[in-house]
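You will see chain A twice below: alongside chain B first, and alongside chain C after that.
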Partner chain A sequence: MKRSLSILPLAKRITTSAFVLFLTVSFLFVLVRIAPGDPSQKFISPKLSPKLVEKVKTSFQLDKQIHVQYLSFVKNAATGNLGVSYAFHRPVVEVIFDVLPFTILFAVSAFALQLIAGLLLAVFAFHHNQKIWDKLLSRGSMFLYAVPSFVSGLLFIYVFSVQLKIFPSSGIKTVGTLESSFFLLLVDYTKHLFLPVLVLSLTGLPVYFKYFRENFEENQKKLFTLYLRANGVSERKILLSHLIPNSLNSIIAYAGVDLGILFSGALITEVIFSLPGMGRLTINAILGHDYPLIVGCTLTAGILIIFTSLLADLIRLNIDKRLIKGLLN
Partner chain B sequence: MKGIRFSVFHFFFFLLLTTIAFRLPLLGNTAMLLASYLGLLFSDYRTALDQFSLNMADYFCSLFLIIAIPVFLYFKRKKLPTLKTFSFLHYSVTVIFYIFLFAPVITNDNFDFQKDISVTRLLPPFSSIHALHLKSDTKKPGRLNDFLSLKRNVVKNSFDDKIVFYDSLRQNKSNVVCFQNGLLISLPLSSIDLLNGKPKISMRHFVLGSDEFGRDIFNRIIYGTRISLLIGFCAVILSLIIGVVLGFLAGFSGGVTDVLLSRLTDLFLSFPIIFFIILILAFFGNSFISVIVVLGFSGWMSLFRIVKGEILSLKTKDYFITAQQLGLSGTKLLLREALPVIAVPVIVNTVFQFGNVVLSESALSFLGLGIGNDFPSWGAMINSGQEYLAQAWWMIFFPGFAIVLTLITVNDLGRKLAHQFNPRMHA
Partner chain C sequence: MTVPRKNISLFLSILFSLFIGCKNNSTTSSSQVVIAIPSDVERINPLFSYSINEANINELLFLSLVKHTWNRQAGELKTEPMFATSWEWNLDSSAIMLQLRDDVQWSDGVPLSINDVIFSFDVYSDPVVESYLYGSFKCFYTDKEEHIISSKTFEKLSETKLKINFKPGSTPTLFNLDFPIVPKHIFDKMPRTEIATAEESFAPVTSGPFTLEKWEKNQAVIIKENPTSFLHKDGNIKRIIFKVIPDYNARLAQLKNGEIDLAEYLKPEDVSQLKNSGSFVVTSLKGREYDYLGWNNLDPILYKKSGKIVPNKLFGSVKTRQALSMAINRNEVLSQYLRGYGAVANSPISPIFKNAVDDKLPPYSFDLAKARTLLEEEGWSDKDQNGILEKEGIEFKFTLTISSNNPRRIFAATVFKNNFRQLGIDMKIDQVELGMLIDRINNKSVDAWMASWIIPIPLDLKFSWYSNLITTPMNFPSYQNKELDALLDNLETKITGQQKNDSYKKVEAILYRDQPVTFLYWIDNVVAYNKKLKNIEVTPLGTVHHCWLWQ
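This part shows the complex of A and B:
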């Protein structure tokens, strides 16, 4: 009985995810096809003979009927065969896998930073409940929430790179760093990634802070806290083993989507710091009308987001069994 | 809301008086222009219509509002509540609203005005540049010419060939030599406006500095406020209509419609919507209208969810069932019975959505996919400042400040409204 209860919502959840993914692919196909401009034109100069033009068109599968294109499109997307990028002249999958490690490193470090800093600040603010620190922090987080990353990013570059010259302003490694010395390489990477990670996490930090702070407040009013207090459990223990775990539920749901969006590329931060990540790859593909790469990037982003939010839901289900009922309805 | 209005209106008055004090000549000219235009309208109808422009109408509107608002407030003064609270939010909302209304009167030049780039480019804040005035053409008599010269005084063009900016000046017997950052310009004395035998010199102030084309950043920020707010209003209204109608449909009819619409919402929500926005704008071209439409179409999901949830709970209420039994049509049910009840969460959500749209618009402009170069936009200003980061911090600092101030204000407003309407929510 228990087993069937846990499998059914799981199956339902995964089916929904798959359906959303399928819709995304179809939507993408329609969008790319109805877009004005023939992508093959970019590879065809007037000097080419008509025969060669045909050959180029056939190689990009642009000469067939629209429904044939759609079927092959879905089939290719499902099997991971995403074609050859027009701009890079390499398979799309290869191009994406080139930037994926960096993107994941970047996203995970920013995610970890904002989550941990948000939690610590919320604990600090909660400790100083309704005192000056609490109010300052909540004001500050509201201010931070209103600062877009292209403003904070450029200001940080101005202060730390242009004026103080502490951190480099762009790229991922200095030209001419000794490849052999692992330690130097690590220092170099850290130096290059410090500002971008900081900027990226600053946009998410206020959200986590606010979630944690409000959940603490809410849980503190509940009867179980009162009971624990009445039994003389220390405040520290209440916070660590009761308030924080009880606050996690909604935060995990938010974090799942957030991490997925971070994986799919921190568009503006990557553009400002010229980092080789998914976001910049995607926008370059879009601006260059590189259709296979656009499809590949958006599909990867969709898969990552759907996957992380699925993961988050599974974690939540594992923590709080009451949610299963909600999913079943 | 009692008590707020009084203080806000006092502050509004203060702003109005400051503007009037600084721009009295302009306002006088505008009044004269209006009189001259009306005269022209009665004497030569066709030419008057030809001469009509939106910019001119803008100035007339500002003049009208400057007179009408104090008069209106004076007659309504008994009904204005008394002063109680006073906060940052009230100031900032007033300032932003004021700038939105009176942009043409606050600024003293066209937002695209540029002249003598070698002297005026990348000026730091609070710098002033000397300017020589060339003699204007001799006035021709006639009502139309009077009108045209007045119009030139009021409605500024993006170019003025009667002004010469310079670094330093040397005067000979017969001509004047201007130095423009190493460039020499020699002008005959006869072509220059003179004052007591000496060239008439005025100062042009760049309060917040100038950008790489010598355009005044202050003017561009003021007009950028208008553009941002306008895009915000239009896009939010679009998403409001879509969200409320779809949400009502899904909640009211249920069944297949509900499932389909909810899945569609999931699809939209489970995706980094910014990529789709960029995709659409990059493929179909970016313009004022397309930015509004795309942002409007990408922001209805949260409204949809709220409206659907509210309608679902509303459907079980007795009065709603009665209204349904009476045979009211779907539109009437939505407009008369449902909307007044769900207005509070919808309004609060709309305010937050407005902030999102303003942010997205500036982000798009920053990426070069905004409303184009015809209008100034904060994001585009920051984008162009990126290149001159080492030399001109003011090119990104002031537009960035404008964005942050607007977003803080809008978010704060949303929170305050939510609190006002539903105090228990944050109690």
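This part shows the complex of A and C:
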């Protein structure tokens, strides 16, 4: 009985999310087609025959009415076929799966770094409550939050790649390397990803720091903390066993959405560091009017955001059973 | 149990030294070149060489019948042998006899033969394939769909001798034969409609001086020398890496850092820094691209409503367009933005075509007084003293549409807006996404715009200046002139080189006089490459060109 109570709202939540996703994708399907420009524009060139443009339009089915294209899309999408990318000439699913593993690795690394560093810095600041370190970290985090990633990215490239020559400035691995040992490959990947992960996490880190720091402050004033102190529980134990767990709730909710957004791509960081991620793929699809790929990327991003948000809610639920009604409805 | 701090420090310092110490030597090899490209290629199949990068890579991987180099003195193309070792035209140029090599193999070991050549013409011209050359075989015997009729066109005289017959009255050149040959034994096995998406379009069987080593999607295309190629020479470049770096600043940083050896389309403001470093050769590719201010010669509203061609109220008159060309200070953009990496353009005929261009034509100079006189002659004056010219109740106001991602044009538009203002012309600037701009230009729904043309080699003007707006969709300003049409038609007939050059000069004179658009400036492609590279020749045909000669 208890189990069915939690499964029903969960099923309801998934169904609603799927419906919202379907509506979003349908809306986007129509929107990109009625927007100015079309995929045949790149074939307008002095060296190409105008006849080719007409041919391409026919083969992309652009000569058909939108509702005919839409019905065909829905029919194919139901079987998992999102069509063939105009730019890559391969199935959209394949193109997305090419970049998805990297995107997930990149996003999870940056997410983990900003979450852990945010927590550690908040603990450090809390430990030095109202002292110079606390104030410095508080102001420094606001500064970091205000620095756009293209500025920090270029600055890091200049310092660490051009001047110090410690880290490579682009790519996920050294191009043109012959096969080498697992350890060397691992080092190579780590070296390449160090700066991008750092840049990507720098904008999120201050948010987590602030969340943790303020939640610690708030929970410290609550009666349970007073009670624990009155009972002689050590400050370390209060922090680790009571303040941190009680601060997690709202942070997990934010983290769920944040991770989903990271999964859908970090365009600026990907462009600056020449990384093959979802952000670059999506923007190139938009600029190139690659309709099937635009829809595919949106669908993937939507699924990932819904998934991470749902996962976050389930974790919160596991921590605090009182949330069941509010969260899953 | 606690770990001593000393041990942690030791562990971290070992890890750090390992991290820093693990260097890969592959990109520092002296026999390889790393070239920056802003975006990845879509396919490695010469049938679909739509972009410059794809064409550059395919030229290195696939042989053509002939190759072309640029003759700087004459300012024209020079043909040299490739798979065809020699050729002979018949007297009326209606056929050509080609002697082919017999010592070339595809990368899978199959010999490259005369059958591959015939197949290539067939497949390139096949409408279902949608190759980049589709619709370009006008000199050949083709069917209604412009598919080459092989039975009429080719005569196999022997296993290494091929005769190609051209359509009577056409004017074929060797440039019509310069495209990469594709392997028949690979593509003949599959339906033509599937070639575009076939695995072989991503892992090709090749025949050129280089073979594909690896294609790391969105990262790099790596090609290595083909030691069996007759173009192979000891001491030349052994490996080329086309590295994908989308961000300009990252490309520049990597160039300075030595991670890449060659980069194109550099900003003029970065040149002095590169030159001062002493590590690079900085040069430029001139005369392939020009910016222009497009004037819609017809009334866009009436054209959209009824398809009627009525002269545009603002830009329909020659004198007005001449005045507009005199009202703008092109030299300001040239000196302040392009910093000398460009030259004023008089017409669409580039100065690189030395014999076809009239170098005595004086550029329209920045002369507001003269421009005002011309506009007055056309009836434009500021009667109500509001600072804007008017004629028959219409004020001289218009919107210039430009692409939002081009800083050069944004800079130039601001300069021109101020210039026009001094003359009493109110110009607004509308920055739109490139796709939207192309759409509007195509639909002829804009009054004025700023864009550029990359000129084709060999010189071709008909595709953008012929009066028939249906057959010439790239005549964006909708300029119509029968005298010009006659000259363009004449250029397609069998005339001597001298007659051709004379005709081009006449074409240029008409376009210079009528100013259907205001030709702004030729923009240099600024190229920098590492001094260790030798034998690179930057010509109008490109920078990454005939790389098998690089040392």
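The rule is short, and it goes like this: the second predicted complex is superposed on the first by the 285 of 329 C-alpha atoms of A that agree within 3 Å, B and C clash if a C-alpha of one lies under 4 Å from a C-alpha of the other, contacts with A are read in each partner's own complex, and residues count from 1 in each chain.
We adopt the following convention: a residue touches a chain if its C-beta (ideal position, glycine included) is under 8 Å from a C-beta of that chain, and two chains touch if they have at least 3 such contacts.
Just so it is clear, the model here is predicted, and its values are computed rather than measured.
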Request  = Could you say whether A:I261 touches chain B, chain C, both of them, or neither, answering first, second, both or neither?
outcome  = first
Request  = Could you say whether A:L287 touches chain B, chain C, both of them, or neither, answering first, second, both or neither?
outcome  = both
Inquiry  = Let me test your reading of the model: by the given contact rule, A:S309 touches which partner, first (chain B), second (chain C), both or neither?
reply    = first
Ask   = Where does A:V151 make contact in the superposed view: on chain B (first), on chain C (second), on both, or on neither?
value = first
Inquiry  = Contacts for A:V162 in the overlay, against chain B (first) and chain C (second): which applies, first, second, both or neither?
reply    = both
Ask   = Just chain B (first), just chain C (second), both, or neither: which does A:V271 touch?
value = both
Request  = In the three-chain superposition, say which chain, chain B or chain C, touches more residues of chain A.
outcome  = C
Task = With the two complexes superposed on chain A, say which partner A:K51 touches: chain B (first), chain C (second), both, or neither.
result = second
Request  = Report, in rising order, the residues of chain A that make contact with chain B in one complex and with chain C in the other.
outcome  = 36-37, 154, 157-158, 162, 271-272, 287, 289
Ask   = What part of chain B is in contact with chain A in the complex they form?
value = 263, 266-267, 270-272, 274-276, 278-280, 282-284, 355, 359, 362-363, 366-367, 379, 382, 385-386, 389-390, 393, 396-397, 400, 403-404, 407-408, 411-412
Task = Write out the stretch or stretches of chain A touching chain C in their complex.
result = 36-38, 41-53, 55-56, 59, 84, 87-90, 98-99, 154, 157-158, 161-162, 165-166, 168-178, 180, 184, 187-188, 190-191, 271-274, 276, 280, 284, 287, 289
Ask   = Can you name the residues of chain C that touch chain A in the complex?
value = 18-20, 22, 24, 26-27, 32, 34, 39, 42-43, 50, 127, 130, 132, 134-136, 146, 196-197, 201, 214, 216-220, 222, 239, 241, 243-247, 249-250, 253-254, 256-257, 259, 433-436, 438-440, 442, 453-456, 460, 463-464, 471, 473-474
Remark   = Listed in rising order, chain A residues that touch chain B in their complex are 16, 19-20, 23-24, 27, 31, 35-37, 142-143, 145-148, 150-151, 154-155, 157-158, 162, 257, 261, 264-265, 267-268, 271-272, 282-283, 286-287, 289, 294, 297-298, 301-302, 305-306, 309
